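One chain, chain A, appears in both complexes that follow, with chain B as partner in the first and chain C in the second.
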Partner chain A sequence: MIRQVLYIRKHIRNNITLARLLLMFLLFPVAVTANTLPTSLNQTEVNTLVKKMDELSRFETDFNAEIFLQQKHREKGDLLYKMAVFRQDQSNHLTMLFLKPKTDAGKGYLVLDKNLFLYTPNTGDWTRVSEDRISGTDTNLADFDDWNLSEEYSAEFVALEKLGEFPVYHIALTARPGIQVKAQRIGLWIEPSKSFALKVQEYAQSGRLLRTTYRTKWRKVGDEGETQRFIPMETRIYDEVEKGNQTIMVIDKIALRQLSKEIFTKAWLEAKSR
Partner chain B sequence: MKLYLTIAFRNLIQAKRRTLLLGSAVALVTFIHIGLQSISNGYMEGLVRGATAVAAGHINVVGLFKHNISRMSPLLNDSDKVKAVIAESLGDDLDSMVDRNSIMGRMIGENRSVYLFLQGINLNAEKNLRGVLRPVSITNADGTKENLGSLNTLDKPYHIILFQTQAKKLGVGVGDVISFRAKTAIGTNVTSLTVGAIVEDVGMVSQFFTFTSRPVVQELMQIDEHVGTRVLVYLKDRESADAKLIKLRQALEAADFKLTDYQSASLFRRWPNLERQDWLGQRLDLTTWQDDIKEAEIVVDSIRGVSYVLLLILSIIIIIGIMNTVWISVRERTNEIGCLRAIGMGSRGILLLFMIEAMLLGLVGAVIGGLAGALGVGLISALEIPIHNEAMRIILFANQVNLKISLFEIVRAIFIFSTVTSLAALLPSIKAAHIQPLQAINHIE
Partner chain C sequence: MKHLLRLLLFPIFACCILIYQAANADEREDDLFGEEDTTLFSEQADSEAKGENSSLKLALKEALQQKEKHLDIGGRFYYTNSLLIPENSQLSDGRLSTSGIVDLYFDARLDDDLRFYFQQKLSNSVASEKNIVPLVLSQLGEKNDVDQLWIKFSIDQGYYFTLGKQPTKLGTGFVWQPTDFLNVDRYNPLDLTDQRLGVNLVKLQIPLPDNNLNIYAIAQLDDTETLDEIGALLRIEYLSKSGEYALSLKNSKDSQLRLGFDASVGFKYFDWLISAAAIHNDPRPFVIEALGPAQFLLADLLDASQTIDRSEEWFQQTSTGFLYTRTIFDNKTLIINGEYFYNEAGYTNRDVLPSIIINSFIPGSTTNFNPLYFGKEYAAVGLSINGLGGDQDQSISVIAISNLDDQTGVTQLVYRTQLFRDLALSTSMGWFLGDEGVFRPSLGETNVPFAEDLLILPPRFNASLQLSLSF
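Up next, the complex of A and B:
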């Protein structure tokens, strides 16, 4: 067990080191052409950009991957999870099965009719849970699922800014009235040419910053054209209210192939847990 | 009768050692019974006091709003109309009622965070709560005493009152700023609150509840002042809560409010089931204070259970002891029984003689035990012995040893144990009464 944990930690550390290099490689053309970017976007361009981000977060095909979550908790210390994630965006289905650590192996989440259910193998119970925290980490359901920002929020251009060396569009999102969202306002720092968010900040209704997310490593998956996607391979999430808590999410072994419908059922998760 | 009493009393005096031993045993059992009874009474009092002031009223009317088939929030629309129905329905039986807005969330301190129910209150209207919340008093280096803040701090915006246990867990003191994060009907919201006062714990409820002003929770939940979460109803006689609940349910239904099905359990326990039910919109949920403390009552039941088992064992020992002693006494005094019968005392008289002897022994023992128990309870209560162990404070719902016993309970204990002692002597007394006079006179030890 200790060897497995050390292997996963090493894996995450290597990925983190690689992350900066790959990000620089990916953003190199953007840095070169920074001078040519328009300094402001009109409302139509902003809306189009946000809509494109939503589209790019959605897969035409089914998706599955292994995800490592390293939670640094100020009270509980470090925790490491490994899970298998299965997505079927066409039918809005999502299944997460915990593989490690041994104490959590067999635990699973299932999205059914926009509700998140947790399966606890020790008791065999299914409970509807909040989407705010996955297994007590700083991740929430949106970190694993596709986005729907263009429908849930109205967008506004803030400025052309620099994130480190790289030029990014800073877009501010405000929740549309009557829609239940996890954050009332969101700040997005979007890479202009690929339209992916490198930094995300979520705010509460009171204006307090809740969470900052850096998506530092990206990988191109799928064939050239409509089905091609950029996936954030490494995400660093910082809890801005409970300072000191942070989660690193690393995605591995991505596969874009058709999945059986049975994977998105309670029976499948229960069988896997056994 | 006076003659019988004199003979019985003299016999008891004559068998000094035996009388002392048995009398002490009866006194000890009575003393133990009163001690255990006072512990469970003290616990129950703390539990009810905490539950009905800090956590709930005598009757609680909570608004539950289902946004969709599986998501439910505590929201009470038309709280003014609900209060009007309550006032009209209960009339003179109503003592007071208060609005509270409650929301569960994570209180985040410098080093730690805890889940708490943050209650938005109007402290001026909360006379029961004011009676229970006492700021912690500390002694300074120069010997002067100082309170950790003031309850009136809630008049200031964005201030909070924390219980001692909570402040210790969060590692905060008066004047420190803490954050409260909660999931509301419209999403996650966070607010910053200044610790205005740290109050003494009121048992287990101190682990879960904390107080701020109503506008803070309204802002946090993004609701206007006419929307709340619950109304706490205080009755003049809290024991009538069950009957008044039925009356209130009928009145609210007649006023076109939809209600959840009544179940005698706390709302916290029933929440998952209610969330799964297939209704939408608002429903009112009504519970009594007994329903809300049902889970905690297990401690009272446990104390009482242990108490009864212990008493049963001790009573059996006493019964055997008394029976055995009276048997011996009958054997020793067989000649005396023969003489008494020979000079005209009937078998009933003999029976009465032994029964009075046992009853006198039991009565004196039980009275001594009862008085010693009452004195002990009074003394311990007067000493106000603090409980330093946090776990014990939580379990016993008190910061100091809290024992309660009523005069009725003392009299009842004396009656029970003197009766048990008398009944234990019945069989050997009947045997003594049936001894033939001639046989008794000729009896050789």
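Up next, the complex of A and C:
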């Protein structure tokens, strides 16, 4: 009986050792990957990474989505909108249409190359606008558009850091001289395997932190065999100047498919508007 | 022989149908049952059988929701208090007026491409404003009126129609819009909100995105009784990479012809805007003789000897300006704009001003007084800072407009904020400056009996407070 117990113990001990070995073997690639992430990137690698992020933000196919936008105001309560976004990166066109609430339904933005038009249904007025902050929220049109970081900014590697449990590359961007951009400096925390920015911080020229953005719940969108892209289904934007204000952007529906050219016209937006 | 052929063909045709149907059925069955992990029978027992939230079910649900006819009812309420201090008056003599305006709308979405919209303007003024000479003639006055009443539909996603009374605004200027050929009233940049009513139109819009063109063909039906009185407008807009250009041609009743050109072009640091109009056969008489105070009588319409007919002449009106925007204090936006306006059809002789103001009160008169379009040369400059306050929903703006002919002008300060989520507050204060002239008109001594009660606008000073509420 005692011998039997000893045998079982020895067997278990052996099995545990085996299990440990097996576990180590299984975890080896992960451990090696984490350990093999270079602790720094040279300038060429940084530039390549930023360029890849630009490419990943662009779609070869057209894109349309329905998005909830919630603005949490420190004092005045929450604003909640639903909007439709249509994007055609190849022609550099973007249409945004407010769907809800009814007080804002019909308001729309149309970006055609470098022309930004705002339609005001109450007066039937089309104006080129320069203020692109969207309807009292912390978002602006650039949040819905593709990136052109490699052209507009020079990039510098900061460190390999951890964002929660995830190792990320921290890259600092500084606006190139003579180029007009929304933020003079940007900090990016990039997931190394897929090259997506999970966290973005934007700074003013004075060095003051303006906004922090977290992009989560990434989901693969697109049909098998065609262009498939990871999209952050939830984005949280924190106003760092007025603490307590934040905007949450949740994608309700999204599709990568060819859109009719008419969607990017004044006539179409007017027809959908009030 | 024919009968035999039919006998042979029928089984072949029937076989083809059966084979085709079988192939289709195979595809369908592959789709439905082809996957190994397809669950045919759910083992889970529920007290209520709801069925799976399959993509088909969701798609059907969504399709049904989209087919629902939507009717939105809502509106916006404007509560305005104004104080007007006339020339040579003390603050205590200031005229107060209080008005409440409701824009109540019914918006029916009948289909993706079919809309109906009705908006009624209901107004209630506490103080009577009938004796106030308006700064800019208004259609609204005291009465309640239909603001918008239209249907919209599109054909083949290429032809967009809007039929009925609808808001419209053409042109690029901030203060002067000489190419806005459709609106009955001119835009007043000093108003806290644009309360002009819609215009009766049949509008066809044809976008040609491949050619960067947008074409409007519009029939204007306001004040028309016969076919030849219908106004027709053709407008072609062309979009370049960083600008928009437009050509307009309008022919209205009495053969008045107007040609217009607009451009709004973005440069590296600023936007440049221009609106130029050429007008032929303007029906308004041009006053050449100023009446002496003793000649002002109640029923005195200006007669032919005091005016000249310029209907055979062409006149041009051009406004041009710039818009400069930059971010300041890290997250505020500074906007500076300037504009110059040349009005060839305007007056330089300010002595005729009292005659025109008095005449604009007499029924049947074709003259009217609008200080922004009365003189020949004007300039304006504006400065705004947006994004002020903790919630970045406050703004301050200053605008200064001057008539360069007589050196009179106006300076207005406007502050706007969002008090609550659905309640906005706007306040303004305006000073009218300079000696006697377009922005500081005076009737002088007159025999016209009702003139004593008139408050001639612009006044010396005005202040307004407006609350607007969405519901």
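Basically, the second predicted complex is superposed on the first by the 232 of 274 C-alpha atoms of A that agree within 3 Å, B and C clash if a C-alpha of one lies under 4 Å from a C-alpha of the other, contacts with A are read in each partner's own complex, and residues count from 1 in each chain.
Note that contacts are C-beta pairs under 8 Å (C-beta built on N, C-alpha and C of every residue); 3 or more make two chains touch, one makes a residue touch a chain.
Just so it is clear, the model here is predicted, and its values are computed rather than measured.
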* Asked: Fit or clash for chain B plus chain C once both are placed on chain A?
  -> clash
* Partner contacting more residues of chain A (chain B vs chain C) -> C
* Touching A:E75 in the superposition: chain B (first), chain C (second), both, neither? -> both
* To do: Check whether A:A175 is in contact with chain B, with chain C, with both or with neither, and answer first, second, both or neither.
  => first
* **Superposition clash, chain C against chain B - the stretch among 78-86, 348-356 or 366-374 that is involved** => 78-86
* To do: Across the two complexes, find the residues of chain A that touch chain B and also touch chain C.
  => 74-75, 113, 115, 128, 130, 180, 182, 204-206, 208, 210, 241-242
* chain C touches which residues of chain A in the complex? -> 73-79, 102-103, 105, 112-115, 121-126, 128, 130-131, 133, 136, 180, 182, 204-206, 208, 210, 241-242, 245, 260-262, 264-268, 270-271, 274
* **In the complex with chain A, residue positions of chain B that touch it** => 67, 70-71, 106, 108, 111-113, 179, 181, 183-192, 219-220, 222, 272, 275
* Asked: Can you list the residues on chain A that touch chain B in the complex?
  -> 74-75, 113, 115, 127-128, 130, 132, 175, 180-184, 204-206, 208, 210, 241-242
* Asked: Along chain C, where are the residues that touch chain A in the complex?
  -> 72, 74, 76, 103, 105, 107, 113, 115, 117, 152, 154, 157-158, 160, 162, 166-169, 172, 194, 196, 198, 205-207, 209-210, 214, 237, 239-244, 264, 266, 268, 271, 323, 325, 327, 330-331, 333, 335, 386-387, 390-393, 418, 420-422, 470-471
